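Each of the two complexes below includes chain A, the first together with chain B, the second together with chain C.
This part shows the complex of A and B:
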């Protein structure tokens, strides 16, 4: 009896909550409507600042620059829908005439023939990409916080080391890298790709630059309320630099996604999808159709990831978080 | 009273120190990886540069024999192209970096405005970063080859350059400007800037995102004040926007330099020396010298900007 009663009460409150929620949503809609009505007025006011002609010129310029950037993507999308004879057409056309999904079905045939089941490649990619991305973002943010907001001996030295290390790109330090990886005994494992990504300098640099912009008073007030450094980091600093670490996540996602891992991974079972797909592209002219489909897949995933995060990255930059 | 105050100050100092010591704990996971993977490899590169490295096929390892400054001497006095490639890479950087910074700031300001389809346009400007994968560039090369009717890009390029009427008229224009009295150096800069427009647009994706984030972190109250005081858009840009994004200009300059260095010809030369000519010592010299040069540029530029930077907080 005593057990049933609270449950019943909970139900009641849940129903009530739902009602209240609905009411709140309605209210929010109404407010949004009013705000939307107000917005155009504001826009008109702003437009007084710049002439129509100026705006037109600026946006034309932007569209031209945008065309430069979007052209490869348009080509990739169209190419993957072109039948083989159109792929080799000369002079080439950007837009597809008779779209087919032939290329994709060719690709699936190729995938089914692969040495290792294709799903294994996909799993490898997921492990490497997510592992590298999450580790990099967390390690870089953790390290960036004291570098940006605390003073301790060796801080500047450490930071200049980071900048220096960015100058040695992986192409030129491949041999020492390989030696270290095999010395650690993680050669031919996922860790050979994931662990070095965790301590790459660029992420730390970007995070530090963004954290420096946070006002000290935010952290001070948290400290006055008795928050530990750990709490401050997770509850105050990280939410406030969300755009920064999301940007970093997108960036690192792309880097790990594009990684073929051909240096460190020898077992076919461990290689990422990127490697298998590159093999198909390397088939040259005979596999042009399948290669076009591959390119589409490789390009589509990071772009989708970016579109998911994009709203958070670019739309909600918290202003300093203070009432000035 | 005075004693109490003194005590408080003392206590606060120790607390601060204790707190700062905690900073090491935060850095630790990153630092361990950094020392293991990066510091060690840099040290080894330095070591290689003073040695001749020979592969030992029997044992399956390598042997170092001390060569002193021989590799450096070879790089600077004997190697036919190193100095030339180094100077071109550095010059490219000097041309590209300011252009990329200005272009991305300009684009960020445009993209920060409210207009329809803003999200889409922003995504478009981030595309080059997202499509920077080996397989994609390979595929684009392949389709470019197909577009030239099966001729590889290089051949088509030389063929195109040989019979280019546009190039002639461009030369004519440049000659005209020189005879008017515009300094040739400035013209060279502008011509190479125009030539690179595509590269510049493609290289500024991350910078645009950083600048947009910076622009959005400017408190709107500052703009309000500027408006009330009757500032024009031009004045608002130079007195509010520009000083407020200054710290991020440094971030972007460093990022751009590092980015353009890691794809430069010097790095390519170093990696081809190591992996096609198997001269690891010389390759280590190339990468070390160019890294030091780039770092020197970085330090000078960052110091120059930092002195003029305005920090709001």
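This part shows the complex of A and C:
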């Protein structure tokens, strides 16, 4: 507020005083206006500082770009509904004309033919995806908390090692990694896929960045109440960075889901669904329909998971005042 | 932390302090004591960093050592000193082309896609409920749909049935169909556009989550303090409040734009026409996965690594000034 310093008031002339008072009144009116504006009509909360023109420009821009971004989704959905002759139509069309579920029934027939029961592939995928995702979220968060909020020798070194590791091409570390996995004796087990996934660099970095934003006072007061670091982590830190670990879960789910395990898993009984589906679609032209159905399924599961997580990301942090 | 404050209080040598107290204080300052005091921190980090050591630190170290050897995966690596690096910069013309292309990718797609990520996340943040989740999905779709960029094959097909050619022919911009991905001067622009389209990934989602953690009361306070429009609000309130996410997004974006390879290989081929679409990583894959010259491939990876680290340092310096 533009209040007039009382100590300085003596030195001001009457005219200046009046001017200052007028300015103060104007300012007070403006503040009152802003405060009135924020009185929400039930359900529809109006954001401050938003002009109609700005909204129009930005939303138009977004719609134009959105049309481009949505292309793959449109194509995948349309393709899986196309009968074989439309899939091979030339020139290709994006939209389907005679939608059919033939492709899916073809796919199920092929699935039933597989040498290992298909449910086994699904089970493998569930173990690998969930194991890799949950383990990574927990391990990375646990490690990120001390890095963000504690002081101890070696902290900066450890953290910069993680960030640097993200910049090294994974394509070249594959072979040394294979040697180490063989040396540890976990080759041809689920662990060969799950354990390395627990220590990906990105998750730790993401979690640390979010935890850094938490005010120290939050943890300090819990410490005064006698909470151990373990309790603080689970009861205070993790609930407050929910958007972060939900986002991380999306990334990790996507990555583990796409894993075919082709290098490490030799036994057919251990291989994930992605591998089996790829085998099905490798059949060439005759199986193009089934392949389109596979593409749809492979995309649909992570998208569903994505929607569930995103929905929750947005639900959190409704209460303000948790922060400084 | 609490202990450190008491430590500092004891340090000035006041006559009233006993020798034992001074001795105790000195002990608290030693490295051993600090490590002991932080045992909780170390325990929490242990699972992550043990795995990180085995699956990342050791493989990266091995790769860097291999970059000084000749290693064809069959014979034992043979030490060749700096020869790989000398060959890389003085004899390998393709490497220089790919280095140039990678730098172009990084300089153009890096900043633009970073800003686009931020812009779209920020616009989407204005929406609520399922609409918002849906919009997030649309913009994230290219990243979640696996090899979705293949949709660009339809658009960029080289005959007159390709969508781009079709439109341009109709508008009389060109007289005959252009083979976009096989004409040297069009390869890079096409790849850059596809890469931009594809790049709303990790950074975008972390911004979405980051915007969610900005305290809403800050916006009201800012409006009262005289912030007039959304741009000022973005610069002075939103961005400073999500600085950690900005840092994270930058690192991810740098890594992504330097590591472009898949789209180049799948759209332009590897090798592409006169190496017009070659990047450092396609070059690396050429030597690592096709020619099995792992020593040389490791040298390429190490150069790329140093390039990324340097860029990262530079960008972090710039980002520290946000909101000033």
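The definition used in the following text is that the second predicted complex is superposed on the first by the 260 of 324 C-alpha atoms of A that agree within 3 Å, B and C clash if a C-alpha of one lies under 4 Å from a C-alpha of the other, contacts with A are read in each partner's own complex, and residues count from 1 in each chain.
Assume contacts are C-beta pairs under 8 Å (C-beta built on N, C-alpha and C of every residue); 3 or more make two chains touch, one makes a residue touch a chain.
Fair warning: this is a prediction, and the values are worked out from it, not measured in the lab.
After superposition on chain A, the partners chain B and chain C are seen to clash. Contact with chain B, but none with chain C, is seen for A:294 once the two complexes are overlaid on the shared chain.
Of the two partner chains, neither chain B nor chain C is touched by A:273. Of the two partner chains, chain B is the only one touched by A:215; chain C is not.
Once chain A of one complex is fitted onto chain A of the other, the partner contacts of A:79 are limited to chain B, with no touch recorded for chain C. Of the two partner chains placed around the shared chain by superposition, neither chain B nor chain C is touched by A:256. Shared-chain residue A:281: touches chain B; no touch with chain C. Residue overlap on chain A between its contacts with chain B in one complex and with chain C in the other: 49-50, 58-59, 62, 65-66, 68-70, 72-73, 75-76, 90-92, 139-140, 142-143, 145-147, 150-152, 158, 161-169, 171-173, 175-177, 179-180, 184, 195-196, 198-199, 201-202, 204-206, 209-210, 212-213, 229, 233, 243-244, 247, 250-251, 254, 258, 295, 298-299, 302-303, 306-307, 310-311, 313-314, 317, 320.
Residues 43, 49-50, 58-59, 62, 65-66, 68-70, 72-73, 75-76, 79, 87-88, 90-92, 139-140, 142-143, 145-147, 150-152, 158, 161-169, 171-177, 179-180, 184, 195-196, 198-202, 204-206, 209-210, 212-216, 229, 233, 243-244, 247, 250-251, 254, 257-258, 260, 274, 277-278, 281-282, 284-285, 288, 291-292, 294-295, 298-299, 302-303, 306-307, 310-311, 313-315, 317-320, 324 of chain A are the ones that touch chain B when the two sit in their complex.
By the touch criterion given at the top, residues 19-24, 26-27, 29-34, 36-42, 44-45, 48, 107, 110-111, 114-115, 119, 121-136, 138-140, 142-143, 146-147, 149, 197-198, 201-202, 206, 209-210, 212-213, 216-221, 232-233, 247-248, 250-251, 254-255, 258, 261-262, 267-268, 270-271, 274-275, 280, 283-284, 286-287, 291, 294-295, 298, 313 of chain B touch chain A in their complex.
On chain C, the positions that touch chain A within their shared complex are 1-2, 4, 31, 34-35, 37-38, 40-42, 44-45, 47-49, 51-52, 54-60, 62-63, 66, 73, 116, 120, 123-124, 126, 128-130, 132-133, 135-142, 144-146, 148-149, 151, 154, 161, 197, 200, 202, 205-206, 208-210, 212-213, 215-217, 219-220, 223-224, 227-230, 232-233, 241-242, 244-245, 247-248, 251-252, 254-255, 258-259, 281, 284-285, 288-289, 294, 297-298, 300-301, 304-305, 308-309, 312. Interface residues of chain A, counted against chain C in their complex, comprise 31, 34-35, 38, 47-51, 54-55, 58-59, 61-62, 65-66, 68-73, 75-76, 90-92, 94, 139-140, 142-143, 145-147, 150-153, 158, 161-169, 171-173, 175-177, 179-180, 184, 195-196, 198-199, 201-202, 204-206, 209-210, 212-213, 223, 228-230, 233, 241, 243-244, 246-247, 250-251, 254, 258, 295, 298-299, 302-303, 306-307, 310-311, 313-314, 316-317, 320-323.
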